[in-house]
Every structure is written in structure tokens, then in C-alpha cells.
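Written out below as C-alpha cells is the structure these notes cover.
So that you can tell them apart, the chains are marked A, B, C and D in the order they are listed, and the count of residues begins at 1 in each.
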């Protein structure tokens, strides 16, 4: 041993001693309130809608599963706590309120990001971004395309456009297709036959549901032509209470680090597993 | 009315009553302080510079209009409140101070994102991103291009480079064109004739102002050649007080969901409408 | 010296029908038993088609130019050309009419059970030809409108640079140039053009010899081409084909009617025996089935029709190349039935004027399909369906699923129809063959 | 039999100047009255140009190869070729000199009022040819420097693959190959090359016949080509043209001076009447105006000069194709005046050595523009302006704005200049025509 390394050893020992004695280092560092609350409780409360929304969250054989459920479990695991699901909310807006009141820590429930909701809660970055989609009656479309190309037909759409009532697509339709005659259907399951029969020229909904329709009823492909609007977006995000900033950051990092990312295709693929050939629920 | 629909009505009434009575659902969820303040006041206070900056905010025939104004109105609408403009600030930095002091809720006033300003306020994502632009004297450029191509001439620029004093471009010029001889002009209106006469080889400013110059004085196209630097950026953002986190999120979502996005072209197109052939103000 | 008898024997053996059928049978067997070997064989089948392709363009130019030049030199040209054009047009319209009638009578798309429609839908949605249509809702409107109708059709026929048409292998344009050039050569003063025509004639004879030489490889090539096809067929699910049974049957019935009609025409015109129209033309028909390339059958058609049915060889040398390119009887029948299938599938009623449109548009579209692949032919459905406002996109996926079979039917019909047209417009071989045979036995070459 | 007189009559009627002017007038009328019909007609005008384009390359190859081969066979070739080269070069330099002088005297870009300059600027900034220049400031330096000057010019002339040159329609390269090939054929022992040359001669004759046949469609094609042009002209604002009045006038004056000079040359050389140089060449001049395609005028120039001005046809068959491609008098005048216009516009003083440079560079650039479109010709301004350090980019937008008119002037000058060069180097028709006309009346074909 050289004198030099001996000196180093002594210095090290002194430092270790100093650290051990120092009172400020002995206490665990203070935790942000929101994380502290969750860790103390030992469980992450995740809000969901009461109704199933396959393949996001769905009960099969008494077991809750789906994309949202996986995300919730993954997030809870990264916090090192268990997960509890709160399925008391009867609508998507009620899920948001559950979080705003502090009844649940986070909502992961196929929630679209909207400005109205953004007044009262914080949104994570989107874990899945959908585009708007349309399904056209092929016969109607072929008649239009005698004189116009597909892009012209869509941009200047002036036929009967079917949407599901009380969804954001009613408003989108008015804004994006001002010349269309908008026909509201109470349920998606009523809208599809009307499209096949030609009672409406097209249906308008998010990319995912349009694809799901063709996936579940491939025989529709003969009658329907799908189109997706590249410059429209519908973001699915997690929702936290605005004061839970640390939890929001966790969710942000968790979503950003997701690997592989969720895509419409992978989610659609799960549909086959979770809910094979299930009827359409609006 | 059939007996069946009568029964449905009764059931509905009962449900509504139940919901109304239920205490947990009766309370509105607590609102974040900043949103609560704005909603109570019933108006969103937006700070702008006193001077016009067409086509961002400009008074024509006593009516305030422009890109910034439209953004402010849209944001207020999504909050469901009116909008009030505070035009007391005499410079861009004073606009930032207005927000920092809490005198206004938000500033939407063609504000560039800078590190100095970021010390005291929060920036939204950019609603318009400009690149740096240059305008060359064509005769000078043709002489240079006898031996070099355009990219070489720009990257190794060693002529006289005109900038407007007290703008960020003075500093950019020193950094990006170290071999250039930098000539400062008090006003843009002085710099342009100097360029046409060949007293400086090029002018350096943001993409928007370079394009605006050619748009408003198309006759300059004969003498000037414009170039845009693709890997430089100048972000125009909204500014909020750092404690107004919920409002910041709203602005974030609002800007992200803008459709169509603002582009230099669309903003330039508005120039024709808002301020036809107006003189240059720096 | 020792090589020769074996080479001569090779030609004799390989040209025999027995060899052809052996190759066919062997190919199917290999395809069914050993799919790996079948895949390994596939490139050799392609080589054979490439060899044929190499000879096609010189053959086409020289045959058409020389024949037309001679025709115009000897007089009576306008009359003769008018007869050929008339015969081709008439036959095409008749074929289109038969296709249309078959579509109406068989009604392949009418009265389909709900389960049938469902399985058709599944074929469509599983087809890779149904790409997502994506569009930005805020976009600049497309400015350039593609040319349509007549102007576009003519533009497809007229070359702007004959050498580019040659280098991209655009048969219709090359044919157009050859026609014009042949007429122009024929109009030069008598005797002046002899050097050119005799040079081109040599080119034509050489191309025919080359093609016959290449065709001695047919049994081997058939084996190599059929094997992967057989293994594919064995592996692919029968679903799409079963769902399209009615459609395929209608196509086959239409083709058969036209085929029988042509056989009767040939028999009447040549005065040959009852089965002669098929047995005499056995060789080109087998070639058509084996290669699915109608142009490769040109020498074989000329040879069979002149030697076995006694048609004038000089006339054949003009009519057969023209006919192979212009007489697109297969596509004509296909377009007629397919258009009606779509209309029936979507329960769209068509009126008399629309049937007339289909009749003539299918003739135009069929001619425009000349030189294209099966996929391209199907793509031309747009020419018929767009003006009628019929939704053909989904149906295209259906047609592609059964195209390997229908492509075969179409090629056979093209080749056989050319034979029929030739039997109508060509004279009989009155005098004895005064020229040497095209493909002299190798011994006589003094090797 | 009933068909023929009408066909013959068709040719006679359609070849008459009255028909041509009727087509022109009708086209203008349609364009002004019904822009939709004009747009619908446009593809048919393009078809006519395609037909001409189809014939150009075979015509070029066969004409140059045959003529050179014969020249070298009969001897005196080097002398003759030297005379042609000298005449072309001398005429080009003279034209360049006139262009330069016009630019100096008329000074189209000098002393422009401030308002004129402003309106020019507006033309530039509204031109779609002024793309944004975008550059990343941190970027890899460009490695490949484009070849410039002589090496690039030669690379444009020498083909590395004659078949590619043919298929992309690169006239200069095809010409180069034909020249070399023609000389080589001419140098084979006497009599050996007869089969090839007589075959090529037939190709040439046939191409001429085809081109004459196609040109009977000229009145119809003119109508179809002029109609969209007229409707465009009626719709576009006159602003750009008015701002460029001085420039266009200078170009027209320069072209007129050269034109008159050529007329005098033709008159002196052929000894014809005062107006004969124009009236005799009326047909090719109308063709040049109608088609804006100088190569389409080759047969017409040969025909007119030999039959009406008594120039030796054999000589013409070599000189005219060569001249049409190499005698780019239009671009030469254009380049000279345009370069001076730019220098005057930006008030850049040029010295004598720079004028000398412009003189020779404009000749080179003009030859390099052979076979290109008007837009490509204007792009070659870079060859002149870059070495002089003149800013030509903005000016290119100005030139493009008035190019439809100037393209016309250039084509006429090219064709007329070729006539002048031909009148200088070709011999007189000494003996009587011993051959039949190329395009015999249809009756003589015995149809």
C-alpha cells in the first residue's frame, strides 16, 4: 500500500462518518403529497366507466381486462403499489368528475381530450391518437365519382352523413362538412344497416370504430369504402386531478416510455382476443 | 302516449330525482383556482402590445382583428367566457410583465419564446414557428456564384449583412455568420433601400418579415433573392403566469388541436386582407 | 457429325404432343409433391417467357411492315385492309354481344344468397389490393384532371417516339407505327423498296425460326411454369374461388359459346372436318395455355393454319400479328360479364342505352388492354364502370382472386379468335408452296 | 373506288393554304368563344405533335446516314462537309453578331422608368418559377460540382448508348451517331453497302411520305392547338407582356434583321424574284408557325426548295436535317439580346472581351438547346450569365412570361435560316428530275 492510497482511505472513512452523523441526511427526503398519499394507501385508484368498452376495458368471464387495464396495472407497478378499479361512473364525463373530486387518483378509460374537460382536470399526453374515419356506401360513391375524384367528393361532401347522437362527431360533422345533411342515429348498430341500404351516404366516426366495424363484419367490405382523414385527431389520454402534478409527470413518463407504442392496429388485434365477434355497442 | 312510454317517463323522472338528491353527485367538483377566477369574472383578460403588428393584431376602422385576436377569442370561447383586451403594454417585454404581475390572464401578442422571458412566465407550445430568412442583392449574389454554389455562398457568407438594431437577429448574425461584416439599421425601412442599392449584400430577419417585404413590395423581387434557413427557428407562443397551470394546459390543448394549423403562408394571406399595402414597421 | 442426329431428334421429340403433355403432367406432379422444387423451377419458366418476349417486337414490326408493304405494292390494298378491319370489328362486337347476353342470362351476381355475399365481402376485406384511403380534409384541390375517353384511348395508340415505345415494349404503339410505316413503304415507287422489304422479310423469317427454336423448349418450360402454379393452387384456400363460382362459371360459359362459334366459323370457311378446327390448331392452343402469352403463339398459328387448314401463308403473315394484338376476344367477353356482375351484385338497374354503352366500351377497353397483364386488364374496368357510376373497386379484389384461371381462358380465346378472323379474311392456298420451308431440317443447312 | 377520289381530294383540300388559315381562324374563334371546347380540343393537338415526333427520329437517322454515305461514296466529301460546317458556323456567328448589335442599339433594359422596373418586379414575384430557396445552415458541403463549359457541351453531343439516346429522343446525340455512322458506311468498299443504303433510303422516303400524310391533318391540328392557346391568351392579364414590351420589340427587331438578311441571301443564291424567298417557302413557314416544331418542317423545306427554288434535292437531303438541328439562329439571337438585357437591367457594364464571350457562348448555348423545349432553352441562359456574374434567375421568370411569342419567332428563324444555309451550300438542280415524286397521287397505286 502506497502512502497515497492510505491517505485516500482515511479521507473516505471520515466522509462516511460525516454523512452518517449528519442529521439532515438521516431523514428520508420529503415526498410530494400526491405520491405520498398513494404510497401510504398502498393502492392506485383508477376510475373507469361502468359500461364495457372493448378492447379498452371489458369484463370477460368475470375478469376485467383490456388496453386501459394493462396501462393501469403497469402504472401501479411502476409506483410499487396495487391497483383498485373504481367503476362507479356511468358516463365518460362522470369518470372525469370522479378524478376532479379526488375520489380516484387517475382515470384511464378511453377518454378523449376535450377543452371542456381540460378546465377541471389535467390530461397526460395521448397514449393512442385516432384519426377521424368515414365509411361510404360504395354505390353512392361510384355515382359521385363519375364526375369527381375521391378527394373532391370527400372535401365537398353534400350527401346524408350519419353520426351517433351525443358524440363529438355531431359537432365535427357540422364544422368539417358544412354542406352535408347530418342524420343522427341513437346507436351505431342502427347506423350501419342504414349505410348498407344507402339511406345515408356515409358514416362518420373515429378511425378505431370504423376499422372495428370492418374487422368484425368483413362482409361489409363489399358495400362500404372506408376513408381516413389524416389531418384530424382524437387523442385518448389519462386524466389526473390538477393538484397531482407529480402523478401527472409519472403518467407522462410512463406513456412516453411505452415500448412498443400502442397503435390502432395493435389495439384492433386485441379486439379479436378480448371480444370475438361481439355486437356493436355505441 | 302508450302505457309503455308513460312508464319510461316515470322511470326517467325518478332517476333524475335520485341523481339530483344524491349528495356526492350534487356538488360540482372543485375547480382549479385559475379557471375558477376566470369563470367567476366571466371574461378572459388578454394582453397585447399597444402598437399594431399586422396581421397579428391590428385596428382597422376601430375594430381589433388579426391572428392573435382570433386565437384569443377561440380560447375564451372554449372556456365559455367573454374576452377583454389589455393594450396598455408599450413593448413586447412589457406585455410579458403584465402577465407576470397577474394583471392579465394570458398574453397573445406575436411573442417570441426567449430564455430571458422564460425566467418569469410560462410559455405555451408555439402556435406559429418561423425560420430565419435572408434577402440577397441579386447582383452581389451572381458575382459570388461565378465560383461557388448558393449553399456555399450562404454558409461562408463574408459580405456586409444588414440587421435591425436591438433585435435578436443582431446576436444570431454574429453567431451564425462569424465572417460577415454586420451593419445595424435603426429601422427595417432603412435597410431595404440599402440592400437594393447594394450597400449591404444581404439582410437577415425572420421568415415572416422577409416574405412580407416581398409580398408588399413585389417590385423588389427583381433585385432581391430570398433564402430561408431550414434549421433555425423562432417560436411564437402564448404566455401565462407560472401559477396558472390549468390555463396553461388549456392553451396547450387549444394550440395542439388547432385545425388547420397556422402557417406562414396562411398568415401572409391574411396580411392582404387586414392591412393592404401598409408601410413597414420594424 | 455425331451431334446432328441427336439435335434433329431433339427437335422432333420435343415438338411432339406427347412431350408437351409429359411436361404438363410432370409439372403438376412436381407442384403437388414437392413445393420446394416447384419454387426452384419458377425462374426457369420465366426465362422461357423472356426468350419469347425478346423475339416479339422484331417479329411484330417485320411481319406487319412487310405484309402491308407488299399488299400496297401489289394493289387491292385498301379493299383488303378494309375487309380485315371490318372482320375484326364485327367479330369483336359479336363477342361483346355474347358476353353481354351471357351476363344477362346467367346473371352471376343476381339472387346471391346472403351467405354468398358475406363470403364475397370477406374476400374483399382480406384482399391486399384494398388499401386504406387517406386524405387530408384541408388540402389544395387536385388541379390536373386525367384525360378520359376517346382522346386518352388514341393517346395510348399513337407513339410520340417509336424508339421509346420499343424500349418499353408498348405493343399497340409499335403496331400503329408498323402499320403507318408499312403503308408508306408500300407507296414508294415499285422496286425501290425491295432492299428494305427483303431485309425485313429476312428479319421476320429469322424471328419465326427463333421462336420455333425456343418453342422446342416448351415441354421443359411448361413443367417449370406449371409446377409453381400447381403448388400455389394446392396451398391456397378455395374460399375465394368457391364464393365466385357463379362468376367464374358465367365467364367460362361465355367463353365457351364464343369458342364454339369460332370453331364453326373456321370449319365453314376452311371446309375441314368436324373436329379439325380444334385438332388442327392443337399446337397454338397448347402454347396459349402453357405460356398465357398470345404473341408467343404467332408462328405456331401461322404454321398450323397454313399447313393443316390450307390458308394462304402470305395473308396470314399480315392478319395473324394484327389479330393477336387487336382481337382481344377474351377481355371483351370478360368486360361484358364483369360489368353486369357488378351491376347485379349492387342491384343497380341498367337501361338499353347503358347496355349499348357496355357493348362498345368493352370493345374499346379490350383493345386498350393489349399488351397489358391480367391485373392491368382488370384495372381497365374503370373505363366501363366509371361512366356508368358502378362501384368496381371492391369487385376488382374479387376478380383478382380468380384471375389466374380467367387469364388462361382469355388467352385461349384471343388466340382462337385470331384464327377465326384469319379464316374469314385470308385466301386459300391456291398454288403450291414455292418457297423453302421456314425451318429447314438441320441437315440441309450443311452443318 | 368511290372512296379514292374523296381521299385524293382530301389531300388536295387539306394541303391548301386556305384550309390552313381556316383552321387557324377557327381555332382562335373557338378559343375566344368557348374555352371549355378549347380545353377539350387540346389533347388532339398533342396527338398531332406526337405523330410528328414518332417520325422525326427515323427520318433524321436515315436522311443523314444515307446522304453522308452517298457523299463519301462519290468522293469530294471532305470538301463538301467542310463547306457545310463553314457555312453553318459563319451564319451562326453573323446571327449572334446581329443579336448583340440589336441588344446594344435598342438597349431594351436600359433607361427603364421606375414604374416599368416595378411592374417587371411584380412579374417576377408572381411567377411560379421562383421557388423558395431553402438551406440548412449546418450542412454537409455539396461534393459534386456540375461540369461546366466545353466538357459539358461535348458530353451533350456524344452518346454513350445510341439506343438510350433514341429512346429518350436526344436529337443531338442521334445526329452525332448518324454522322459518324454515315461516314463509316460511305467508306466501305463500293457496292458493298448498297443493300443498307437503299434500305435506309426507303426508310427515309417512307418517313417523308408519312410526314406529308400527317401534315394533311395540319388544318385540324392547328385548330386544336390554337384554340387552347387563344383561350389562355384571352384570360391571362397582359401585364407581363406590356412590361416586357421593350424586350420583345428588341427580340423581334433582331429576328427581323436576320430574317431579311437570310431572304437576301436566298434571293442572291437562287436568283429568284424579289418576293420569291418568302412566297416559295410559304409552306414550311406556316408549318413552323403552326407546330412550333422545326423538325416537322424538314420534308416541307426539302420539297419547297427543290421544286420551287430549283435546289438539288440530293444535297438538300443532307443539309436540311443537319441544318434544322444545328442552325439554331433563333436561340442565338435570343441569347445575345437577353444577356445584354440583363446587364442593362442591373446596370452592369460589360467590356469588349465580355462581348466577345457573349458572341461565342451564345453560339454554343444555341446548339446545346437543340431538341429542347422553350423552357429548356431559357434555362441555358446560365451558360452565358454565370461566367459573366450576371443575375439571370429573376430574368428567367420575365423571359418565360413572354416565351409563347418568342418561341414562335425562334422556330421561324431556325427554319428560315436552314433554308438560307441550304441555298448557300447546295448545288442547283442541273439535270431534270429523274425520279418519281415521293408522294405519288393515290390513283397511281392502282387501288
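The criterion applied here is as follows: contacts are C-beta pairs under 8 Å (C-beta built on N, C-alpha and C of every residue); 3 or more make two chains touch, one makes a residue touch a chain.
A quick map from chain label to UniProt name: A, B = Family 3 extracellular solute-binding protein; C, D = Sodium:dicarboxylate symporter.
Every value quoted in this text rests on a predicted model; they were computed, and no experiment measured them.
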Pieces of the assembly without subunit D, by contact: one piece
Chain located farthest away, centre of subunit A as origin (C-alpha): D
Copy-to-copy rotation for subunit A and subunit B - C-alpha atoms, rounded to a multiple of 5°: 130
Subunit B-subunit C separation of Cα centroids, rounded to whole Å: 64
Length of the line joining the C-alpha centres of subunit A and subunit B, rounded to whole Å: 31
Whole-Å separation of chain centres (CA-atom averages), subunit A against subunit D: 66
Where subunit A and subunit C are represented by their mean Cα positions, the distance between them in whole Å: 55
Residue numbers of subunit D (touch at least two other chains): none
Multi-partner residues of subunit B (each touching 2 or more other chains): 259-260
Of subunit C, residues touching subunit D in the complex: 72, 75-79, 147, 151-152, 154-155, 158-164, 166-168, 177, 180-181, 184-185, 187-189, 192-197, 199
Subunit B to subunit D touching residues, read off their complex: 138-139, 141-143, 145-146, 149-152, 154-155, 176, 214, 217-223, 225-232
Complex interface listing, subunit A residues touching subunit B: 97, 100-103, 113, 115-116, 118-120, 122-123, 231-233, 242-243, 245
Complex contacts: residues of subunit D adjacent to subunit B: 117-122, 124-126, 130, 132-139, 141-142, 145, 345-346, 348, 385-387, 389-394
Residues on subunit B engaged by subunit A in the complex (per definition of touch): 24, 27, 29-32, 35, 39, 78-79, 245-246, 249-250, 253-254, 257, 259-260
